[in-house]
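I have placed the structure first, in the form of structure tokens, so that the comments after it can refer back to it.
Read from first to last, the chains carry the letters A, B and C; within each, the first residue is number 1.
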Amino acid sequence: MSPTAERVRAGDHSTTTVDRLVAEHRPGYALQREFQVDPGIYQLELDRIWRQSWLFAGHSCEARTPGDYFLFDIDTDSIIIARAEDGRLHAMHNTCRHRGTKVCEAESGHVKRLVCPYHQWSYGLDGALLACGGMDREDGIDRHDLPLHPVAVEEVAGLVFVNLGKNPSGFDAAREEIQSRLAIQGLEHAKVVAVRNYQVKANWKLVWENNRECWHCNVSHPEYVRANFDAARLDDPAVRQVIAERSDAISERLRDHGIEIDFRDPGLTPFPTADRWWSINRTPLVEGFVTESVDGQPVAPLMGGYRDREVGTLRVRTMPNLWHHSSSDHSMSNRLAPAGPGVTRVQVQWLVDEAAVEGRDYDVERILPFWQRTSEQDWGLCERNHGGVMSSAFTPGPYSRKREYNVIAFTEWYLREIGRGR
Amino acid sequence: MSPTAERVRAGDHSTTTVDRLVAEHRPGYALQREFQVDPGIYQLELDRIWRQSWLFAGHSCEARTPGDYFLFDIDTDSIIIARAEDGRLHAMHNTCRHRGTKVCEAESGHVKRLVCPYHQWSYGLDGALLACGGMDREDGIDRHDLPLHPVAVEEVAGLVFVNLGKNPSGFDAAREEIQSRLAIQGLEHAKVVAVRNYQVKANWKLVWENNRECWHCNVSHPEYVRANFDAARLDDPAVRQVIAERSDAISERLRDHGIEIDFRDPGLTPFPTADRWWSINRTPLVEGFVTESVDGQPVAPLMGGYRDREVGTLRVRTMPNLWHHSSSDHSMSNRLAPAGPGVTRVQVQWLVDEAAVEGRDYDVERILPFWQRTSEQDWGLCERNHGGVMSSAFTPGPYSRKREYNVIAFTEWYLREIGRGR
Amino acid sequence: MSPTAERVRAGDHSTTTVDRLVAEHRPGYALQREFQVDPGIYQLELDRIWRQSWLFAGHSCEARTPGDYFLFDIDTDSIIIARAEDGRLHAMHNTCRHRGTKVCEAESGHVKRLVCPYHQWSYGLDGALLACGGMDREDGIDRHDLPLHPVAVEEVAGLVFVNLGKNPSGFDAAREEIQSRLAIQGLEHAKVVAVRNYQVKANWKLVWENNRECWHCNVSHPEYVRANFDAARLDDPAVRQVIAERSDAISERLRDHGIEIDFRDPGLTPFPTADRWWSINRTPLVEGFVTESVDGQPVAPLMGGYRDREVGTLRVRTMPNLWHHSSSDHSMSNRLAPAGPGVTRVQVQWLVDEAAVEGRDYDVERILPFWQRTSEQDWGLCERNHGGVMSSAFTPGPYSRKREYNVIAFTEWYLREIGRGR
């Protein structure tokens, strides 16, 4: 459908506004209030970012077997990700080509065909229209013209990404790097053992800003900082020494397994950057923590190719909607999606090896608390942040170059994307 | 009040948009997404359709006795329909001419005068201002200038219609036809025995489209299709034969009562049409069903002028907000009103003869399920339809000429009305 | 922050609309519908009225001791009112100068410093930035540039007012008059014993209009009219005689205490007026009522400088958001704030002498009902009024010059303020 004149006009208006705001933005300072609350800018973000980027949708194991599917909602768009008979994943808009009805309602399921409940138009797991109640014969329509609107989809090392754009940017570079580092985690042979869904009353960018620094961690995240060096004193040589020693020990012991600690600084890996929308690296945990659990002790059997419990944490982030932490025994993925200028949907998922048996090999109640508490602590901060940004008196304040360099990097990434006008 | 410049400007904008969308609409295909979700188009619909058309408001028996009144809400407008001492119905906007307060709050009631609860301005049942606390003497206002804003109202065979427009289109042709066919049902001597109110989260047009075809019936409406031929195989000569025989039998037996089966096709009577906003016809029920109840057996005494239980169903539809089914023993009216681009208020009412006694002559729990289930099955479909139409990827699909001819007719009716710019 | 082009454009649009509506308004008649429902006009009201006027925020005793603070929300703005070590009150926007987070979440509290929960930026009770995690050293920012955005604040006789404007209008004339009349009430040595918060679904101006006349009192406020002369027959010489006698008796007896009944008419003191946004006066109660309680009997010990129970009621109103009634033994303050075109937040508070002991000297359940019932009766009327004004058929009706002179005065005040374009 060609954009309507009205949308073009609204687009023009918001485009002018955005161009001015981008020009007026003061580097090193927070985004202006309009970016967080203006409905027109929000629509532009959907067009320029959320419908143009590779979005983390879920895990390969959520649609493990042909016929399995799961849904992923972005604003008012709903995407079906399904595995077809040939074992390949397909992604499609969840809107029937007849009268637009949502074909799938359940968050996930197993089906032979995707059948619209309204008039039983039936689609293959690849989205092809297979039956339309005879309209192809009677009304002369060509079924090949009416597949579910396709969405680009990619799998890499057990992670599933979709791209709603007409000309998705390349995925190969991301695939290569993520595959080479993440394969050992064995996510393709994992299973989701817990899911928590949240409606965070904050703009999605404030949720990202929260994730991109650990200045707030020492006070707000007692569980997290006991296990991680993210909030350690950046300029303390003793800390650097501890990290280096732990990194060397793991890297040396496990180099022949293809495991290397490649991020050895206190604080966070620089991300996002100008050249890549993805990032993956491994970093050590604090002494006494062999996994990201509350007491640091293992909570499930080893995953994937690991032969040792002490492997640090493997972390993946992709713009604009994923952060992921893997320990040797379990993984956690955090998926974002906007649901309005002031609402962000977040899904947190926990995975273990698919062969592990609950009750015998793991106990969900031991796996969950570390990231459930950390996440919920963050949602509270994000909502309070959004509440204050709604003040008519709000003015963007300065970021700390030492502790919020990634928040600065995030605003730069955002201003490039939103200003791009692709 | 003359339209404000702002509304005119907003109107200009939406008018331009609508003109373009009407021109771009592809005949035989669904309406474009903007028609279902755009707030400006919704306002234009209020102006051009809902405030210009004859709207089904309720039944004569809901205001049987002088002093009885009931309310009918359309968007943020509230209409009072009251019976005056002379036995005639009057309709008025439910907003006091003093400071605008809602005069009536209860959905229905019995009063001597309509008294505003704020400062006791008192109006006759015809809306005339009778008392205003002496302001006529003290402030020199003329009470005759300040009646409740009048609304055109018509009664026909026990149905009540209102028209919010300044120059309502003629009602005589509709009256003549409905009166001659519906009078035998005796709705003027009926009573409402059950009411169900719904807030359906779907645009009102999607609710109409749902009603204008029975392709979805076989799978979604098990109760309905057992009793009716609407979803029967259209091209099966045997079905046509059965319908013809049942129609002939009833028509012959009851011709001297003025009863004739005039719709003898499988499927739905063509409606809406270019020349009329109303339609009434009688059609047979399936063998074994003497009324639209779950088991097909009678659920109440005969109504009106009937002397025989097997009379098929008498059906009335009026654009933009009524469908009505009458059996020999009970009637069901379904009233729509918009409450926002994505919300439709629906009221379903069931009526029996006024002399029938609950417990002795009828049991509400036997009357309700047929239409309550059918209605609620439809609201689920409508909401799922709306959910999918909200997708940014939605594109209007083709309608079946064989099974959705009335949906096509509905879109044509709609495009005429919304494009009219009256 | 300089107004954005978008806000200027939206402002231009609404300004044009407002100018036209102000010009079209018919004197002596209700405000046009747009004033009550249009979101653009609502934004203009925030800019021109709510962010330019002296707003009643609360009582001195709500922040009695250095370190005490309380919050006051206007639309999406949140204001902190805190008492500093030097005993002076300070008011500040509740949005951290770092990333905008709400610094205070609890409605009131006691703190040494105002510490943002996100990154522990710490502010003095006067709003000065005291610590920012070292960013002043590391990032070269000057802490003096980053206090919490200040808000003008004034205390007078135990009432606290704030002004969000950059150049607040003078407060001295109001202070002088309120101080001289209200000091005897002893509000500086009072305590809040009950609070009720309401979300009234009506535009704030309809809430004011409700308060500015007592025509509706006889029917709607049985408790209120038994105690007060506000709704007494204006033109009954006998009533005037009673009021005069009661006024003389009190004034003569208490003149040497500085107490005088200065409003001796039935009905309401004229307010608002063109020259003052505040008003204070004392008026007698009906025989048998020594205080505004349901039975007219005392409900608490004498407050402030009173030595006699029969002192009438002392009333204060300030535009745009306070009305206050004081009896000899307790006080009631009613604070408004807008929360959208169709929602008004109201806080009602009751105060007694700070030395009074619950259970021994007073019982909250005897103090509350008079104003709790009167208030809640009004919220019902206001919501019904708003519901009717939302009708597309609403036309502004005439006000009674005899009984709604203050509603007329209110509309005149409003049209001056909103049309001013400061």
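Structure notes:
As a working rule, a contact is a pair of C-beta atoms (placed from the backbone, for glycine too) under 8 Å apart; a residue touches a chain by one contact, two chains touch by 3 or more.
Here the structure is a predicted model, which is why all the values come from computation and not from measurement.
Taking shared numbers over all numbers used, the subunit A to subunit B interface scores under half, which places it in the different class.
Rounded to a multiple of 5, the Cα-based rotation taking subunit A onto subunit C is 120 degrees.
Distance from the subunit A centre to the subunit B centre is 47 Å, each centre being the mean of its Cα atoms.
Among the residues of subunit A, none is in touch with two or more other chains. Residues of subunit C touching subunit A in their complex: 1, 4-6, 46, 51, 75-78, 93-103, 105, 117-120, 133, 135, 138-139, 141, 146, 149, 164. Residue ranges on subunit C touching subunit B, taken from their complex, read 13, 16-17, 20-21, 30, 32-34, 38, 40, 209, 215-216, 219-220, 381, 384-385, 387-403.
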